[in-house]
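A, B, C and D label the chains in the order they appear, each numbered from 1.
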Amino acid sequence: MKSTKFSELSQEQVDRKWWEIGDFFRRNSLWMLMYCTGCCAIELPPAMTSAYDMERLGMGPMATPRQADILLVSGYLSLKTLRRLIYTYEQMSEPKYVVGLGSCTINGGIYHDSHAVINQLDQYVPVDVYVAGCMPNTEAVMNGFVDLMDAIKHKTANGWKKYRDNYDWYRQNQIASLGEVEVHDEFHE
Amino acid sequence: MMNSTNNALEVITLVESKYNVVKTEHISKYQVAFEVIREDIHSMLNFLKNSGWKQLSYLSAIDWPEEDKMELVYIVFNWDKGVHIQIRSKIDRENPEMDSILPIFPGCKYYEREAHEFFGIVFHGNPDSMKQLILEGWDDIPPLRKDFDPRAYSEAHFPQREYTETFIELNQQESKQEKRAARQAHIDEVRKGGKK
Amino acid sequence: MASIELLLIIALASGFLAYLLGRVNRVYGAIVTIVSSMFVFSSLAYFGFTDSLDTTVSILPYVTFQVTYLGMFFAVMITFIYAMVSFFNPMFIKDYKYPGAYSMLYILSMAGVIGVFFTDNFMVMFFFFEFIVWTSMFLIPLGHSRKAAVSYYAFSAVGSFALLFAIFMMREAAGSFGINAGLAAISGTNAIVVFILLIVSAFAKLGAFPLHTWLPIAHGNAPHPFSPVLSGALVKLGAFVAVMALIKITPNSYVIVALDLPLAQYLVAIFAGLSIVFGTLMAIRQDDAKKLLAYSSMSHGGYILLAFSLGSSIGLSGGFYHIVTHALATGAAFLAIAAVGRQTGTTKMSELGGVIQKMPVTYVVYLIAIISMAGIPPMGGFISKWLIFQAVIDKGLILLAAAVFFGSIGSFLYVFRPLAALFLGQEKPQFKGILKEAPVIMLIPMIVLSGMNLVTGIFPNIFLQFINKVIVELGMAPVVLGTYTIQGTNGILDPLQITIAFGIGVVIAFIIFILLKKSKQVGLMDTYTAGNFIYSEELMHYSVDFYAPIERLYEKHTTHVQDMYKSLENKVKEFGNVVKYFFFTNKPEITVFWILIIIGALLWGDLL
Amino acid sequence: MMLSMLYGVGIAFFGFVLHTSVAGINRKISGRLQKRYGPKWYQEFLDIFKLLSKRATSHGWIFDFGVIMALGGIIATAMFIPVTNNFLAFPDFDNFFIFAYLIAVGMLGMAMSASGSGNPLASIGVMRALTTMLAYDIPYMVVIVTIIKLTGTSSISGLALYQQAAGNNWFIVALPLGAIVAVLALMAGLGKKPFETYIAPAEIASGPLVEYGGKQLGMLFIMMEITHFIEVSLFVNLFLGGAENIFIFLVKYFAVYTALSLISNVYARFKIDQVVLFFYKWPLLIAIVQGFIAIYLGWVI
């Protein structure tokens, strides 16, 4: 279980120069943690395989949040999933980016009036790139990744910093909607 | 190998000869539904289990606010004959209670918990039936009851994205707003008392 | 000048002193064990290496001494282990039922070691041999189980009787009990019989296949501080007997030309190879860390026997060096486990976890010990295994090479298991907050042993030069040694160079590590759980059935040998019942009848 | 002494650059095999430097120390590698057993650090890695013993020179059965497809690497690249007659590694007990047969 909150990041720890150089490597080697919650996940196989070949951009799937740079949320998020998503997001090593696929992450999509599905992902975790569509086609998904690369290049993909700075606000939203983020469930006791 | 249509018919004669069935529905070649009184359910499930319907496929409920009833549905399946049997029974809606079928089908444990969570039915005899299973920290009326308004819940709990209210009428389509308003009115009515 | 006999008498006397003081206050008795064993070790080492051990004093009747390099090698090494382990006694003494007796027996068994290795008389040697067996037999039940002592005694008895028969046969041939005379005089068929008897004795002491079942029982159940002595020191008595059999007598046996090895030696080597494989496989599936180390001792005993049986000087030196490195490594590992056992009350891996958080020094000691045990540079185990590999490859023994490599790679598996399950992993909640690092007095010997492990790995020539003297004494050519290098049959080894390279590698890695951004510290429970919220440590700790996939492949075949001994035991029990039925019934007339028969036989037996 | 140590560090660095490039090119090749465009050839460098530039999480001192020990041990091992006949740091001291056991320091460091993270999946991964190692190392070692017994030297450069002196009679031809075993063992050693049970990303979330991110993962990647360099170079020296000059080495190296990754592209994954059973069934038998016919019967082509 998560045991620490954010430690304060001093300026020398950030070490600007490393970030500058690092940005070049980061945008050319983006590893994704695919959080395939919804139907948009079906767009990823063509994006990865020979049709669109994500690997030529240096992207690839990764197994654990520790190794990954991008948290790819593909589709609707139920309350139960959102708790796990927040936990996973907080486990990722910085810098980290979030890409939301499909209209469900933007405004709830076809589940906008469901009692179990949240409507707006960026209230809970910062989202760097949204890809609209229900579901977005594969070109759009690829375009979203390229947008993210551009954003990293122009230093506008600052979601992880935003999350750090406005942690209280995000936390408040999470608690307002979820009640409790870290729950106990009987199958993992 | 016998014809499965015969199987279904055979089941109907078998069950009707033994139990006082309120209504029988021969849905398809492989499905039969019986509506029985609540007291018969246990002995009937026991009987069916002994006759080969060994698998409890599903247990759920349907909310009938107009009739002020809650209908329980048990689905059992026979692997030899390939026939699904639904057993339905209507119970009181205000205080939905039922005795657990845990002694007959131990696998019903989680179905009953789910039914309790989504419809508020209390199963006596299932020790865990009041524990939460799926909805973590739910604080409203059971969400699959018809008087529950998911939209209101969603609006109250989840922040909505703000859009500017500009509508374009396309091809003189009937506005969905009125339908929506009518549905809302109906829901409100159900919520107030549920009675006509 | 120092007399061995005086040392022996001092040791015996201090044993009784320890008993008396132990009656007054149990810790005093334990402190006597430290003083006494340190004294014996340091005087043996100092006077031994300056060649000034004296054998002329003769107070005890019939006991005569000689100083050989072979005996001195064993004696110094074993007393070193005794001296190191004795530091643990004060911390454990309060757990024993008979603390005074423990201290006394501990010192007496050490006194027996002096007697065995410095005598020139077979009967004296046998006497002290039994002395060690009996003292340690009473030490073992002070731990967990009385049955362990029975098992230990039963197998030791097999070894002792075999040794006794061999001694009588040599006495027959040579006309005296002199060790050198006896070994030289034996020849022909007798030599084969004596060879077999000595090998049986060596196998029983060393716990080699198929006489190994006592090892895990005795080691696993002995008192925590006595297990390292058993495994690191006393088991090596078997190696001493094996040297007598394999090197000093040469029975006329068929020589396998292709292997350039006598058949007898080859058979011993095969059994040694089986010990390696069997010990490794059994060690992999143990749950008790002490039993695991006990089976690893069996495997390493196989290495020692194999090295001796190859009959080349590089093999011999590898075998001797392996005795040293294994004693140091297994001693350190057992001590580390003993420390954990004292602090937590258990040595079962399934009940422990995350001990490193509170006992980092013990962890480092164990780490160094297992690096040596697995034969990884820069520790001593690598050098001895390298020498043994050289000898095996030189003979071109393919099957034995496979066994040797199996033991070597397999040792990675079993030594890693306590590391992962016991020291690393999640910290168990029941030990949180109450677990503390072992007391300083226990850390001293562990750190000294770790230092010795390092020294044996970096500067092996200090030891190999002495081993060369032993080898020359046994009539073989010495191993060629440079300043820092060892010349094998098919390559040169420079341990210092390897160590420096390793040091440079670590420095480079450390520089890379320190230059990069500082990492965020998180707790052990903040791990990847596929998004699930897990709060209990037990669920996040993998320690039960650690090597399940490979265990599955052979777990049906692990009990054959035990079954054999079990049925043998049942036969003995039945026989005992028969005897009991006839002789010890509760009817007095039958007993009187048998007594009369026996008296009659005694008085007039020669008439029959 | 110090100079040859520096030389050795240079070899380790050379190995890192070489293998990282070759692995990148191989990623492109397998991309083309799957009718994809494939990543850039220097993608592996980008990955590693990206990881080094991230801010990692650490699970305590053993987690960090194990990584340092792993990389240090592997750098130390790579220092002894003879690249060509003249491009080597320690002539005569490049004993085979140094590689076989010094490489284990790196493995032990990584295993220790992985278990120190407290994640059970990491321990499972380490268990699988060690079990795989127990499976493939025995047949491989038996083949090596045969070679050492035949040539009378265990120095890697000595073995390469021996093959060159015998008129480029490479052991891959001279000991064909042994070469099959060695190729299989090399595939397992490199963690190529049928034997990559211990990584298993979908099953145990990349095994030992599960808790790593940022610089620790980057350092482990460097360590893995150098490990692969060591293993492939050993194969080149032992079975392909080493190299007279650097170009021949590069060609042989590239050929071996590419061939192996091409083979592995068409395989699925074994279960862990299947790996053990496979290696103890056929390769071990073949290796022992090869040893017997080569040593006792003298049948060497």
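Note that contacts are C-beta pairs under 8 Å (C-beta built on N, C-alpha and C of every residue); 3 or more make two chains touch, one makes a residue touch a chain.
Note that the structure is predicted; figures quoted are calculated from it, not measured.
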{"item": "Steps needed, at fewest, to go from chain A to chain D via touching chains", "value": "1"}
{"item": "Chain occupying the most central position, where position means C-alpha average", "value": "D"}
{"item": "Chain pair with more C-beta contacts, C-D versus A-B", "value": "C-D"}
{"item": "Centroid spacing, where centroids are CA-atom means, of chain C and chain D in whole angstrom", "value": "35"}
{"item": "Chain A-chain C separation of Cα centroids, rounded to whole Å", "value": "57"}
{"item": "Distance from chain D to chain B - Cα centre to Cα centre, in angstrom", "value": "60"}
{"item": "Of all residues in chain C, the ones touching two or more other chains", "value": "517-518, 520-526, 528"}
{"item": "For chain D, residues that touch 2 or more chains besides their own", "value": "53-57, 205, 210-211, 214"}
{"item": "Residue list for chain B, restricted to those that touch at least two other chains", "value": "none"}
{"item": "Touch relationships between chains, expressed as pairs", "value": "A-B, A-C, A-D, C-D"}
{"item": "Chain C partner contacts - residues on chain A that touch it in the complex", "value": "1-4, 7, 13, 15, 18, 64-66, 83-85, 87-88, 91, 93-94, 182-185, 188-189"}
{"item": "Contact set on chain D toward chain A in their complex", "value": "27, 31, 34-40, 43, 46-47, 49-50, 53-57, 201-202, 205-206, 209-214, 217"}
{"item": "List of chain B residues in touch with chain A within their complex", "value": "131, 134-137, 139-140, 143, 148, 150-151, 153-154, 157-161, 163"}
{"item": "Of all residues in chain D, those that touch chain C in their complex", "value": "1, 5, 8-9, 12, 52-62, 64, 67-77, 79-80, 90, 92-93, 95-98, 101-102, 104-105, 107-108, 111-112, 115-121, 123-124, 126-128, 130-131, 133-134, 137-138, 141-142, 145-146, 148-149, 152-155, 205, 210-211, 214-216, 218-219, 271-273, 276-277, 284, 288, 291-292, 295-296"}
{"item": "Parts of chain A lying in touch with chain D, wherever the complex brings them together", "value": "18-19, 21-22, 25-26, 28-29, 31, 49-50, 53, 55-56, 58, 61-69, 91-95"}
